[in-house]
Amino acid sequence: MSSADLAHGRDLAPQRAAAQKGDLAPERDGPRDTGLDDASLERWLARTWQTVPGIIGALSSVDHKIVARRYLITAFVFLCLGGLSAVAMRIQLSGPERGLIGPDRYNQLFTMHGVTMMFLFAVPIVQATGIYLVPLMVGTRNIAFPRLNAFSFWIYLSGGLFAWVSFALDMAPDVGWFSYVPLSGPEFGPGKRSDVWAQMITYTEVSSLAVAVATIVTVLKQRAPGMSLDKIPLYVWAMLVTSFVIVFAMPAVMITSTFLILDRLVGTHIFNPAEGGDVLLFQHLFWFFGHPEVYIIFLPATGMVSSIIAAFARRPVFGYLGMVLSLISVGFLSFGLWVHHMFATGLPKLGASFFTASSMLIAIPNGLQIFCWLATLWDGRPIIRTPLLFVFGFFFTFVAGGLTGVMLASVPLDLQVHDTYFVTAHFHYVLIGGSVFPLLGATYFWFPKITGRMMSERLGRWHFWLAFIGFNAAFFPMHIVGLWGMPRRVYTYPVELGWGNINLFITAGAVVLFLSFVLFTINLVYSASRGAPAGDNPWNAGTLEWATSSPPPSYNFARIPVVTHSEPLWAERDTLPVATGLRVDVRELVISTVAEAYPDVREKSATPSIWPLFAALAVGATFLYSIFSPWAVVWGAGPIAITLIGWFWPKGDPEDEE
Amino acid sequence: MKQRPAADLSKLPTFGIGPRSPTWWGTLAFMALEGTGFALAAGAYLYLAYLSPEWPLGVPPPNHWPGTIVTLLLLASVVPNHILNRYAEACAMVPVRIGLIVMTLLGIAPLVVRWFEFPALNIYWDTNAYGSMLWVLLGLHTTHLITDVGDTLVLTVLMFTRHGYSGRRFGDVGDNVFYWDFVVATWIPIYLLIYWMPRLD
Amino acid sequence: MRKGRQVAAKTRVSAKGGNRPIAARLGWTLLAGFALMTAAVAQSLSGPAINPPAAAAPPDDGQWAMPAKNYASTRYSELAEITEDNVKNLQVAFTFSTGVNKGQEAAPLVVGNTMYIVTPFPNILYALDLTKPGAPMKWKFEPNPEPAAQGVACCDVVNRGAAFFDGRIYFNTLDGHAIAVDAATGKPVWNTHIGNINIGETITMAPLVVKGKVLVGNSGGEMGVRGWIKALDAGDGHVVWTAYNTGPDAEVLIGPDFKPHYDMDKGKDLGVTSWPPDAWKIGGGNVWGWISYDPDLNLIFHGTGNPGPWNPDLRPGDNKWTAGIFARDPDTGAAKWFYQWTPHDLHDYDGINEQVLLDMTWQGKPRKVLVRPERNGYVYLLDRTTGEVLSAVPFGPVNSSKGVDLKTGRLIVNPDKKTGTGKVVRDICPTASGLKDWQPSAFSPKTGLLYIPHNNMCMDEEGVEVNYIAGTPYVGMNVRMIPGPGGNRGAFTAWDVAAAKPAWSLKENFPVWSGAVATAGNVVFYGTMEGWFKAVSARTGELLWQFKTSSGIIGQPITYRGPDGHQYVAVLSGVGGWAGAIVSGDLDPRDATAALGFVNVMKDLKDVTTPGGTLYVFRLP
Amino acid sequence: MNRGLPCVLSAMLVLAACQREERDTRPQSALGSGDQPAAVTALEPGGQRPASSNNKAGVFEANAFHLSEGKRLFNWFNCSGCHANGGGGMGPALMDQKWLYGSSIESIHATIRDGRPNGMPSFRDKIPDDQIWELAAFVRALSGNAPKSAAPSRDDDMMPHPSENRLPDAATLGKSP
Amino acid sequence: MNRLVCSVCCGAACMLLLAGCSGWQSALDPKGPAAGELAWLIWFFTALCTVVWLLVMAVLILPLARRPAPVGDPLVLDAAAERGKMRIVVAALAATALILVGLTLLSYFANRTLAAIGSDAALTIRVTGHQWWWEVRYENDQPNRILTTANEIHIPAGEPVRLVVTSTDVIHSFWVPNLSGKLDLIPGHENVLDLKADKPGVYRGQCAEFCGAQHANMSTFIIAEPRPVFDAWLKDQLRPAAAPVSTEAQTGHDLFLKRPCVMCHKIGGTIAGGTVAPDLTHIASRRTLAAGTLAMSRGNLAAWIADPQGIKPGAHMPVVGLNGDELNAIVAYLEGLK
């Protein structure tokens, strides 16, 4: 690619005229990286892109890696909380008629487990991984809208705290993570428990949506020069599709939870069957989000699997185009099958059969992905390391979960297994198998990039086998006990039904699974401080994140890479082609065109700011108050507006002015 | 890893307008998600209407004049909006300032209508599900009006400060124009749903 | 907002494709009120004579000894001193405060030179001496009923009047006593306890004395009370017979003489088999309205109240013998025939309204008939010897049913307006209070018109779960009433009995909850809930005179010849009853379901009237 | 900061919420049998009346679960038959500020338990004492005397009246519905 | 490694074989045509899915058995081999699609079979869900033969029965796995479930949609009996409650009507007419108490009345505070209500 290509058609004639008239401030210029030697370039960039030390600096940081790290750690803490609540439930269920936990607390526990795992762990952690990796993989210096990104973290953190503080106060939601009306409605859900659910969902989804928007724009507009659509890493494709799914699915749950809080708080009748509302409307709206939600969690995992498989099989993933198309079609199809969560509600038979067909249909793109990976592995000569072990675990469990999913898609069959432990087993196979195992693999895979140190392979293998055995021991028998008639969400069961032994076995499995996570935590903490130094590219992988140092500097890349191949580091073994000409005294990055990724504009990325935190606090306080009074919206509007103006008002930085 | 310069970006402009700017794409993404919200709320309205033996429930259709006036105002505002857009693209400060003031006023005008319409509506939100959905739809759109007018207002003030002499600000004006189009575009289906669908029978 | 709803209700009733017959009838009703007015009047004046049977309506003696004036229940006086021309000169002769500010539904009685008034709870009986200026109190009798009875009285603690027979005044107290008082001295003669307030039984009706028997029925259809009618010996008050209106034939006094006209009423123990097990024991069918008596046929006619609870899901079946009419032998109580206005009543259509006994020519044949403007919205014409329905025509907007099948006698229920547990059915017309409730109409043989004071309202209903707990309400229905088509909540309609269509109709803002009286001077009197006492022309409905009383009027006006030989008109003013409970009970208008849904449609009544209890008597100067 | 926010939040919520959400299904031990009848009038000879000695009933009033149980029982025990959904009918309105027999929760408890002469039946022995307290708390909530944050909102039945959160705001909107 | 995978598979297979063992409330132990159809479907799907899964696992694991070859250039791919692989992938995809079409058709036809089961049902039973019990009403054209009972549903064996299910509070789900799939009870909706028990027997069911505090203890029993036994039962249940036979039972009867019991429960033939709690007219003829929470016995009755909140916390049955004698008397009375 030559400079001539880049300049083609990129001029701004009218604007130049305006500048001459004085309507535009004259373009300022500063030092460029063109002639700088590596050391002084890095000095310049480090000073420009640094996160200011000190507490204010930390709170103002807009570095996508710092925000992502916070996200990852917070999500991990919520994972632990969710896991602990699961263990507590399993202990209660380890035998028939146990009195350890009463129904009231148990119902809060399983609700918190579901809410935490779905909204506070699974979605945030896949997004957090994306926040960290996507800018690196597309070769840019920061995520698009970095302040929005920081804002979303504060929102997420306070939303999660909000949920768990209310749990500590005995006011956690107790109606299940999908919180069906009328049980969660004004008449049958006394107190503030369902309000906490509703507002906490709306609130945390604001953060997911913000991150999704940032991710989309990063992928579409900030790719390194030359990274045309067919050269985007599969992981980035997965995050892009996921973000689109989020953009179209999350509003549904926000609408649902908003309708619910309206019903509860200001007496609307949207879900009141007596006054023209309908309780099934809630389910339609919720599952319009709820089913894509599964793919929001699963699609990024497929991206991780693709990355790991490519690195260990030592070849690009087989069938790139097929993989991308299957990602996109899964994204589309995920919106067409929400009704299969409602087969037992007595829908018209023909409509239900249609949804059987559409639910089965999604197995085809998923199958294509599986086949492509298998073909890739078949071709390669994989060396078994922990990340790949987890990918094998993923295959083992996810395929099983996918197949039980096919069973659930069948209307008549679903009528027997719906809302039983069979379903519990199924979605844990899909979510843990399909998402958590890849995530764990991804942790082992990218940990060296994030920390600069390798994780312990020995502990990793122990971790894998404990997790794998514990997981299957805990969840495989659930299929059986579900078919034996055990409904989900029961806090106890009678002796006569003979579910005692198998439940004891399940609990034992759950404990093993939990222990594996203890081991994982130890490995994380140990390796972060004592692990072997990793180097830039320990796995000798091909995508751009491995082109920079481990951990990456605040500016990611000293010079923006120019991409010629979908696995740039494999294509350019010795020297990486880079672009020059960016300013080093301000946060300048390259905006490129959507399809071809021609460099188009040198735009400035936002500087650190404390205002996103203030804005998050204002929004958080509004939401908290809104549980108690609808006037919160009125009282909260002022502070929110002020913080937002503070956020967007130019402070005289060059980044703001040009 | 060693690096070799392969492209020189120094001649690239420092700001882009419209689809060339990431902000435009961010705005588009927000429109997509808000549009989904509108679509789902409208879907819920239609779903409940379909289930009901009659619609609206227990009241005559709402007086369409406030809605019609708002529609006319909004449609009329599209013209100055796009004139403003042209000036913003040309980075012409004085016309942009005038255009922003006009757009602020044109944004406030429908809000004034709404201010009188809400208390005069045919039904309250807590009367029945029809009332609830009516208020939800109207409220949703009013919220967008308010936020966009707020946005326009701040931008107007900004354009009168020294910060206004920046390509980015003109880009922001373009995005504001873009978003206003969205606010107008979402109104049309809601207008038909609220005022004319109940009169179809 | 309310205005909007009225319009909506109207368009729905008239415009919906499914309701075309009703719409057509409604059109008739409305049209008739204006366009056909003159024609109707002309026809009624020239048409064949319709008169009450002479034995049931003897020549007028200027007295008013029973609330319905006579056994034929015509509420028609032959006094003609007050005429269409001079009624505008009416002025107050005297007033009298009853001292009780509850709904005054009673008709004053005038016998000889004394006027008797019975108040709502605590049911004080006053005797006023009409011979002296200002009609001072002659005596009063305080029965001191149990105050707790107020807690089980549905719809205000009213009393609908006393009856005079053979030197005694007979009346009932809210707490279930029938009492005979010496008319001259005010001393009690006997006092029989026949109702048990602990299971919710009260008595609000005016007794009727027939052949030495005092006929009394109980109230409490909203409390799970089993309805009955008793005959008490006028002499000593002992119960001669009791006829229940639900349960086995033996208790309903259905015997071999029982010959209902329609198949649906034939069968053994229908009072049991048309109910779910045990439900008939708490099934309502009370007798709290009007009884008529035909001496020639030796039959009494009484309606039966609604089945309980209101929620129809809890009582599948026809629910015999509720919401119908019985013809019984007054001596034994034995039922002769029965007709059910509203089988398996869905909307609290009590069947207790007045029946006017008339002899007329129907389709060329002379028939002994019974005219009855019924709560479900139809004016029924029944052959009173057999119970055959000759015609049933709606006299206002009705969409809860689509007419009466004259072959089977069955009301054709509109399935769209069928209520049930957990679903709100909107815009049911008429309301639970009926197109016309207890408020009795008057019939003038001079015009051949029946003057019907009635309501014009619709309602939303939702069945809900309900527990039977003895002595507490057993309703199971949330109700919310709204004004009917046109927005006027009441109307005063003159019904041409021969033509079976309205002659004219006056719109009233509030339900016309008072009775009517017609006179030979071609003047008809009625009162409104704002407190206006109105005189209108019997032929055209033209308003001739009105007087604003101290409170809303829900009482029954009467007219009599005073000791001075002049004609007087009397009425009790004092708002209350079900319709006026919002004022008399000081209810909260914010709750749409208050007073079984009536409050919702009467929110503004508190702004126009206050509780009261005053007798007004008028005469020409 | 990160640590400060949750602390402040939790402190606030602890103070505000703990008891409100507790779901004690056997609360009888919290109160005596309620045998000490409450005075029903504010008028008392001999100067100032002594302060109420027993404020335990407040437990019921501030607790969302008990209020919602009270609301359920209000319908189950046919209270709604006479008092409708607070607007009254055979019995007086409960959602206004007029109290015939005293507005304290103890007075209402006494009213339900022992009845009142003008028609209110006595439910002594018919309703367990806990449930009477729950009913009394709900009755007070009807007229806005319980914390709104704990009070139940609309029913899933026909709308009887504007939602609880709307009531005081009718004036703000300039007219009542 | 391989051995381990094998043993896991074997273990899984063994567990599946065991699956048929726990018969009570098991979808795998069908006792009616609907459940039979569904069990067949479950087994078929399971078998097919197992085969698919084993194939995928085989393809995954087999290359591991090959000796790792030296790593080549990651980007140099043999075009012919790629094309060959593409063919295999496409073939696998086609096979997947074919299987899915087959399964979709299979479920469609199974659905049709299920719909046909109750087309000639002579008996309609209305089941209304309450927190946390089932109200059961046997519909009849003759109103006085309508029977209302609770929690236990007697049906004639070998005959299709139509259940009309709805709810008055929250969503519940009716599920008797041995006989049929589940169906939700939704306020504002009426759903129809047809079922048939092939043989007499007692089949346990349980609420399958989370419905609040006592979701776990909301069970039901379907008792299928030969037609004559069923008819006799129905007739017997239509009788009013048995009169108390002992003085203690008489005392209990009186207490029942004087104490809080009367506020919620119905006993046919007495003034107790509550509908918000289970009908107790023939409570002693039922197998269990409190929607399957306790077996019916004198001791359990006493325990339940004395402390329902200890047994079923959150249930709507309150602690009523009876002394020992009162409790015994009421239990004696209820025990006589056969």
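Which chain is which? They are A, B, C, D and E, in the order written, and residues in each are numbered from 1.
As a convention for this text, a contact is a pair of C-beta atoms (placed from the backbone, for glycine too) under 8 Å apart; a residue touches a chain by one contact, two chains touch by 3 or more.
Please read all numbers here as calculations on a predicted model, not as lab measurements.
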| item | value |
| --- | --- |
| Smallest count of steps, each to a touching chain, taking chain A to chain B | 1 |
| Steps needed, at minimum, to go from chain C to chain D via contacts | 1 |
| Those chains which touch chain E and also touch chain A | C, D |
| Comparison of B-C and D-E by number of C-beta pairs in contact, larger one | D-E |
| Chain whose average C-alpha position is farthest from chain C's own | A |
| Distance from chain C to chain A - Cα centre to Cα centre, in angstrom | 71 |
| Chain B and chain D: spacing of chain centres that average the CA atoms, whole Å | 45 |
| CA centroid of chain C to CA centroid of chain E, Å | 53 |
| Sites on chain D at which at least two other chains make contact | 23, 76-77, 154, 156-159, 162-163, 166, 177 |
| Sites on chain E at which at least two other chains make contact | 169, 187-188, 213, 262-264, 276, 313-314 |
| Shared interface positions of chain C, touching two or more other chains | 1, 422-424, 460, 462, 465-467, 469 |
| Chains that touch, pairwise | A-B, A-C, A-D, A-E, B-C, B-D, C-D, C-E, D-E |
| Residue ranges of chain C in contact with chain D within the complex | 1, 147-155, 222, 424, 460, 462, 464-467, 469, 471-475, 478, 480, 581, 585-596, 599 |
| Residues of chain C defined as touching chain A within the complex | 422-424, 462 |
| Footprint of chain B on chain A - complex, ascending | 1-3, 6-7, 10-12, 14-15, 17-19, 21-25, 27, 32, 34, 144-145, 148, 209, 212-214, 216-217, 220-222, 225, 247-248, 250-252, 254-255, 259, 262-263, 266-270, 272, 275-278, 281, 284-285, 288, 536, 547, 558-560, 562, 569, 574-582, 588, 590-591, 594, 599-604, 641, 645, 648-650, 652, 656-658 |
| Residues of chain B touching chain D in the complex | 119, 124, 126-128 |
| Of chain A, residues touching chain D in the complex | 55, 59, 104, 157-158, 161-162, 165-166, 168-171, 182, 185-188, 190-193, 263-267, 269, 272-275, 613, 617, 624, 628-630 |
